[in-house]
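Notes for the one structure printed next.
Each chain gets a letter, A, B, C and D, in the order it is written, and its residues are counted from 1.
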Amino acid sequence: MEQESLFNDMVIRFANVNGTGSASANEMFAKSLFKMGLPVTAKNIFPSNIQGLPTWYEVRISEKGYLGRREGIDIIVAVNPQSLEQDIKDVKSGGYLIYDNSKLLYDNYKREDINFIGIPMIEMSAQNYNSARHQQLFKNIIYVGAVACLINMDIDTIKEVITEQFKSKEKLIPPNFKALDLGINYVRENLNYPIKYCVKKSNKTDGKIIIDGNTATGLGAVYAGATMMAWYPITPSTSVASAFEKYCKKLRVDPETGKNKYAFIQAEDELAAIGMVIGANWNGARAFTATSGPGVSLMNEFIGLSYFAEIPVVLINVQRGGPSTGMPTRSQQADVISCAYASHGDTKHPMLIPSTPTECFEYTAKAFDLAERSQTLVFLLTDLDLGMNNHLTDELSWDDTQEYDRGKVLDEEMLERMTEKFGRYLDVDDDGIPYRTIPGTHPTKGAYFTRGTSRDEYAKYTEDGKVYAKNMDRLSKKWDTIKALVPSARIHSSDQSTKIGMLYYGTSFYPSTEATDMLTDHGIHITKIEIKAFPFSDNVKETIDKLDFVFVVDQNRDGQMRTLLINELNIDPHKLISVLNYDGTPITADKIFKEISSHKVLDLATQN
Amino acid sequence: MEQESLFNDMVIRFANVNGTGSASANEMFAKSLFKMGLPVTAKNIFPSNIQGLPTWYEVRISEKGYLGRREGIDIIVAVNPQSLEQDIKDVKSGGYLIYDNSKLLYDNYKREDINFIGIPMIEMSAQNYNSARHQQLFKNIIYVGAVACLINMDIDTIKEVITEQFKSKEKLIPPNFKALDLGINYVRENLNYPIKYCVKKSNKTDGKIIIDGNTATGLGAVYAGATMMAWYPITPSTSVASAFEKYCKKLRVDPETGKNKYAFIQAEDELAAIGMVIGANWNGARAFTATSGPGVSLMNEFIGLSYFAEIPVVLINVQRGGPSTGMPTRSQQADVISCAYASHGDTKHPMLIPSTPTECFEYTAKAFDLAERSQTLVFLLTDLDLGMNNHLTDELSWDDTQEYDRGKVLDEEMLERMTEKFGRYLDVDDDGIPYRTIPGTHPTKGAYFTRGTSRDEYAKYTEDGKVYAKNMDRLSKKWDTIKALVPSARIHSSDQSTKIGMLYYGTSFYPSTEATDMLTDHGIHITKIEIKAFPFSDNVKETIDKLDFVFVVDQNRDGQMRTLLINELNIDPHKLISVLNYDGTPITADKIFKEISSHKVLDLATQN
Amino acid sequence: MSYIKPQFHHPELKKNKVGYYKTDYEGVISTLCAGCGHDSISSAIVHACYEISLEPHRLAKLSGIGCSSKTPAYFLSNSHGFNSVHGRMPSVATGAGLANRDLIYMGISGDGDTASIGMGQFVHAVRRNINMVYIVMNNGCYGLTKGQDSATADFGSISKSGSENPYTAIDLVGLALELNAGFVGRSFSGDKSQLVPMIKAALSHPGFAFIDVISPCVTFNNNQGSTKSYSYVRDHIEATSVLDFVPFEEEIKVDYEDGTSAELELFNGSKIVLSKISSHWDPRNKILAKKYLNESKENGQILTGLFYIDTETESFHKKLNTVTTPLNKLSKNDLCPGSSKLTDINKTFM
Amino acid sequence: MSYIKPQFHHPELKKNKVGYYKTDYEGVISTLCAGCGHDSISSAIVHACYEISLEPHRLAKLSGIGCSSKTPAYFLSNSHGFNSVHGRMPSVATGAGLANRDLIYMGISGDGDTASIGMGQFVHAVRRNINMVYIVMNNGCYGLTKGQDSATADFGSISKSGSENPYTAIDLVGLALELNAGFVGRSFSGDKSQLVPMIKAALSHPGFAFIDVISPCVTFNNNQGSTKSYSYVRDHIEATSVLDFVPFEEEIKVDYEDGTSAELELFNGSKIVLSKISSHWDPRNKILAKKYLNESKENGQILTGLFYIDTETESFHKKLNTVTTPLNKLSKNDLCPGSSKLTDINKTFM
């Protein structure tokens, strides 16, 4: 096959077995590309078990900075015999299959339209390492070396990454170098390289870091001053907890006493986790929990309590594939409705919806301010793709001058000065948000009995329908106040006038951005609306009103964001056209492009 | 005051203290009116405690058969000093306040525009009964007698009701008669009677019974062949359980062995209750639970399992005032959204929505057929007003020839004959509904591992996105199939052509019917759409499409049924105008009439 | 609605050490049934808090849902309270306690609230050794929802609906001991001389202090039994099948010596036997406590007393090694690592 | 993924009394880690069911969520199974059991599934004396979610994340005894000679039969300890902070006499001491069982064996007085009272 080099634009997929140590090798591979200045993104596709099943790691390199999933795999490094047959099928025509030729490849697996590159990984590993465990682990580094050489990576950068990685365990560096060299040398000595898809250094990652959303979220909570996290393990939210704990251990231990300025509680279940968070927030500490769909379902009753008793809560929902236990290790945006209207009765809950790890960090911090300011539960809505995968994103930043917004809390002094009767649910400021007091603040003023039952403005139990309704109306007013407190949607108007829009949120940001460029290339101009929060900021309706049709990108089956839009903004449903993906894989730019560019309303709208 | 008699059209409110025995006296009063052939309805307004707090019992008599709540109380029987001041205020101008004049009435309580009738109830009771307990209990019967006489009720009918009531405890009859006569005689001897509001026998209750919705629901489950109920006590659903148990004890005990053909389990909580129901249905028994909002919130996770693993479940939600613990003894329709889309991920659940006790009976039975036919969870959505209050309703009827629809279950013979591989989730009939097997049916065929995770058509675990998506699409197809299985909405077209509609459901049926007549009287013609189920039958959209504006009556703050309509039917939100009531009391015809008749769109629409 | 508290402040009442009158420890008027055992317990709490001179605002009271869980409204009006959701008070108390280690926490629950829907959270609150007093007002039934059997109802007892309870009762004291609670006691609502000191002791225990208080329900308790005073009412209820009559009753009081037994008549005339552990009892011997408990159970007696105290329990905050400043008092300075640290962190992701 | 079962049917294998080969009791290939204790327990279940000649379709297997809860897929393919939701298997099993009293129910759970999220349901399943075998595959951690401590993890043990567990372990055996379970035993995953007969006994017990099986987790169990074989891997994980290496291991087997102890090395070289109750043990003496259990705990030993059987327990169906025909077999004739009865009922509402 003739080869013309394609620089800095490819997708490489590593097909491994989980529990074999490939994940850390693959991560070093991606990190090295990042260090070479290349925009890179990695998706880990793993099973819901611990050892022995197929797992894939997909690295996309895109000089243009397109960091969503892309269809078409250019190179597959096939290390897993279980999935080999399928892996071979998945290589794009003209692409490469790098496999372990320690064993013979079945003839019927062969394809004429792709390039097969055999590397005797197992053989080399067996020859160079003694224990079975070492053999298995270093095989991973061997293929990293081989691939690096084949695509012309900078070897020093990889060694730098290895050195950094093992800086606390220096004795591990030489064997890793050795394995890397084994891979490199095999290619150098036996194969033509570089192959068609290759890389060269660039400078597209300045001011960027590569980090997963959950780590950024956990760190956001540390910066926001959260002192208590109660949680129950569940994929894909567990690493939010790990990150919070890790950084608390680093940053929140009193150097003198060795004591913790935080509490980290693995609860007995999700019901208890949110109960603890409610108790702590009621008592004036910033506390939060992180979970995924099944946890949110279990928390439903307490979510209603938070709404009605007006207790601040931050609830991080890293969405996975539903319904029920569903696809625990796959990504979806299918909890939009179940979060927005969680719990029985008339309830609504604000949601902050980050699209990048940097936003995970910022919005988590914002969520605490918003929860305390508005005395209600705030969801941070992310997903497995954002939470567990590494993304190229802006460096995290923090404004040291900004204070935490602890909301309307009466402290001892204020209570002391107060002459009128304290009314916990009085709408003093005409914004629907009342004042609260923290237990223990004042010997004789400000105490009240918090409850999830109907009560009057002075927190006294009542069954008076008028008083109840007035309180419900105040909660609606508070909802309107919240609109101005959440981040506004980002509107990216098209350069050219257009009647077509595309609305997206969360991780659909990456492919939607790419799809827009693809559409523009095809002469289709589009206004982009990036939803950042619920309730929707005013510009959402304003923008939609100016358009004829808006494509709503939802990573769920039922078009859940579309539901929220038509219901909350009274938009004619016919204006909103769903673009859906719900197979558990992140939606691709290709899919969005195809659905929009071939949609019949396009003719209608472009005729205008 | 001059008096012109108003026959068979009034509202009488009894103001009592709970725990004093008034409830049974008041019920006998209402029952007597029913026996006189008068359409009558009674609403019990009670506090969330057991003893000592105000409680009201409101009886409406309407020859025309209007059985919703009506504004304006004609007669108040004020037996509770705690609420007396307010009770006096609540009497309609020109109406009557019947009070206990054993004690003096404060002067400033007096009103000029109403009639005060004093009856020395406590005094008479103290003179005639010895123990404090008897005195308290018979005071209630004394006022029943007095009121009966004042409004000219047939005394023999009341005695008949008392006799029936105490037929198993005959010794209680004479003292009750005595108390009744005390009240009657006092009026006869001391007062002018009958008063303006009075009654005469009629024949408007032929073919009718007077019963509460929960009893009818429990009985429906018995008739439907439910063999297991698992539940956890919660107002206002508890009496569904009591009724089921009561009728099972009567009708389902094997006469020979004395053994039960049912199991009745008070679970440790709602999570366990629905878990048990799922287990029993999985194992081929008809099983159900009954709860209210907080219980539904707790059941959220299991509801998703039922949807995704396709286990039939009947879940009765007798709605109360939300959110959270809310108003446990007040009525609302505020769980519409939380039921329709309960649980995380893409989920939808059918709901049957009865409006009368008769429909409670029928729809409960239907719910079991539907759940088994469509292998999913079915809600029966009622509310406190329907469930706990007595309503005049058609006699219950049962067609003995109709078989239970147990749905697509493969029995031993079918499995034995089967040559192809059994696919639990195969869409054999192209209706989205697969075949299921019951554990233990066949030694070697039909066993599979039920789970809430993604799986292929043969119930094998899979993380393959395509297979997952195909299954989700089949569930959507099943949803379409269900549309044809649920009761259709009832469309009542106006005699005159109109562009205005009114849509309502559940207990809004009573006042909406009355309001329609009021509107017609004012020259406003309206097409009525009575929703009976979710998903919506095709005639809902067809009818709405033909109208310009539809008023949607919702007994919740957020217009939840309206949300479902615009979302599921893609209706332009501007067409649907909410008429809301959410203070915990049943909506009145007056309110609906006022909101509609004064709405500005009326001009627009009537111009057409 | 009962009237357990005087309607006006008695001028002769004495201030306690922190300057409060006993009335300062009261709450709003109870809406429970007249004679309900729960009201007696509220009053014992008022007593205990007054006597140990606790400043009301230094205590936070938490509860679930039920008649029992309403009682925090009826004592300590100057304390913040949280009437949470059914069965979930333990987790809310856990969170509250973590936020501010300096307050005293009192959790009030019912037998339904704790032994059924709240069982999981109860077990884990014990396991974590949350610093709180946990009182179960145990009436063997679900008062607020009209008298269904609870999981502590005795095997064979007859419920209001007339069914015989086929399940063995869960003994919360036995369970707490098995789960290594550091303070375990049982008393009777009407036994102030035992209950008040027990609550005082619990309030001063540095960890989870559990008290199971037998508390008769006027309305639904022990429905079968003597036919004396109740008969007419019961007949009436059977005939009308409407549960709407509750007689006003006096609270049931009892006073008996350590080491003796007392037979007690409940509202309907049925009887229970309380037996009090002797004053020589060594409450540090758990094995013995369990043994006695089992033996008295077998004799059909309800053993009361302070069964077990572990003075060396490690509190939750100790386990978690938290700073001595309450977490809710830490300021941004204490908590926010600031932008320079963030620069370092960013570097680890480059 | 491990390969605990032979890949082909051995021609010499014998049929049992009901005509099934041992392989007929197997399931699909396990996807658990090689050497996981849970696979050994699956294999013991296969053994036991084969040996007592149980017809596979007469058993229903139920589980929650976790590595342990996956195992019902790996045994008894001809039995229906239900992999329900996390911690809620007891209620599902209760309902299933009510629907058909004629099947045999086997519930499989993990220590996370039972002792944390499932605690409430576990307690109430015991209390109701549901007719089922309830096996907890107890590895002291949450395997499936990557090794967090569970509530049965020992006080002071070090979790994968390096933290010391500050909580006292919940002893499920002690708890089951306190809650009056009628069959209580403990064994070790690799001790077939003890485990297989215990499962057989449990299958024939007419009520709730609880077996706690200690089952080491290859991947996350007892992380600290010997530095031998694991060292490189641990170093690697520490350095990369990615938990992605699991060595293939042989299952840990043990065989020791009744009345003796055995010290066992876990995967990482740390040790536990199992001690087996003697064959002279009288499993009807609960008090003694509790005493021995406590003593061995204090000696740092894990007592195994069948501690307690109550042969006279009243089954759930007996308590509920249900008909002998399974409820799911009753027909419309049995169940529907028909229209004429309804006419009578209508009359009561006129």
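Following the convention adopted for this analysis, contacts are C-beta pairs under 8 Å (C-beta built on N, C-alpha and C of every residue); 3 or more make two chains touch, one makes a residue touch a chain.
Because the structure is predicted, anything quoted here is derived from the model rather than measured.
Peer 1: Taking each chain's centre as the mean of its CA atoms, which one is most distant from chain D?
Peer 2: Looking at centroid distances, B is the chain farthest away.
Peer 1: Report which interface contains more C-beta contacts, comparing A-C against B-C.
Peer 2: Counting C-beta pairs in contact for A-C and B-C gives the edge to A-C.
Peer 1: Which integer distance in Å separates the CA centroid of chain A from that of chain C?
Peer 2: 44
Peer 1: Need the CA-centroid distance for the pair chain A / chain D, whole Å please.
Peer 2: That gives a centre separation of 36 Å.
Peer 1: So which bits of chain B are touching at least two other chains?
Peer 2: In chain B, 47-48, 268-269, 294, 301, 305, 324-325, 451-453 touch at least two other chains.
Peer 1: Going through chain D residue by residue, note those that touch at least 2 other chains and give them in order.
Peer 2: 85, 116-117, 119-120, 123-124, 151, 320
Peer 1: Flag every residue of chain C that touches chain D in the complex, lowest number first.
Peer 2: Touch list, chain C to chain D: 116-120, 123-124, 127-128, 151, 166-168, 170-171, 174-175, 178-180, 287, 290-291, 294, 314, 319-320.
Peer 1: Please output the residues of chain B touching chain A within their complex, sorted ascending.
Peer 2: Those in contact with chain A are residues 47-48, 293-294, 296-298, 300-301, 303-305, 307-309, 321-330, 332, 334-335, 337-338, 341-348, 451-454, 463, 465-466, 468-469, 472-473, 476, 556-558, 560, 563, 566-567, 570-574, 582-585.
Peer 1: Within the complex, which stretch of chain A touches chain D?
Peer 2: 18-24, 27, 47-53, 131-134, 136-137, 165-166, 168-169, 171-172, 232-235, 238, 242, 245, 266, 268-270, 294, 324-325
Peer 1: Contact residues on chain A for chain C in the complex?
Peer 2: These residues of chain A touch chain C: 34-35, 208-211, 219, 222-225, 227-228, 230, 247, 251-252, 254, 257-265, 267-269, 271-285, 287, 301-302, 305, 395-400, 403-404, 437-444, 446-453, 461.
Peer 1: In their complex, what parts of chain D are in touch with chain B?
Peer 2: Contact set of chain D toward chain B: 55-58, 60, 62, 72-73, 77-85, 88, 90-100, 102-103, 120-121, 123-124, 320-324, 327-328, 330, 332, 334-339, 341-342, 345-346, 349-350.
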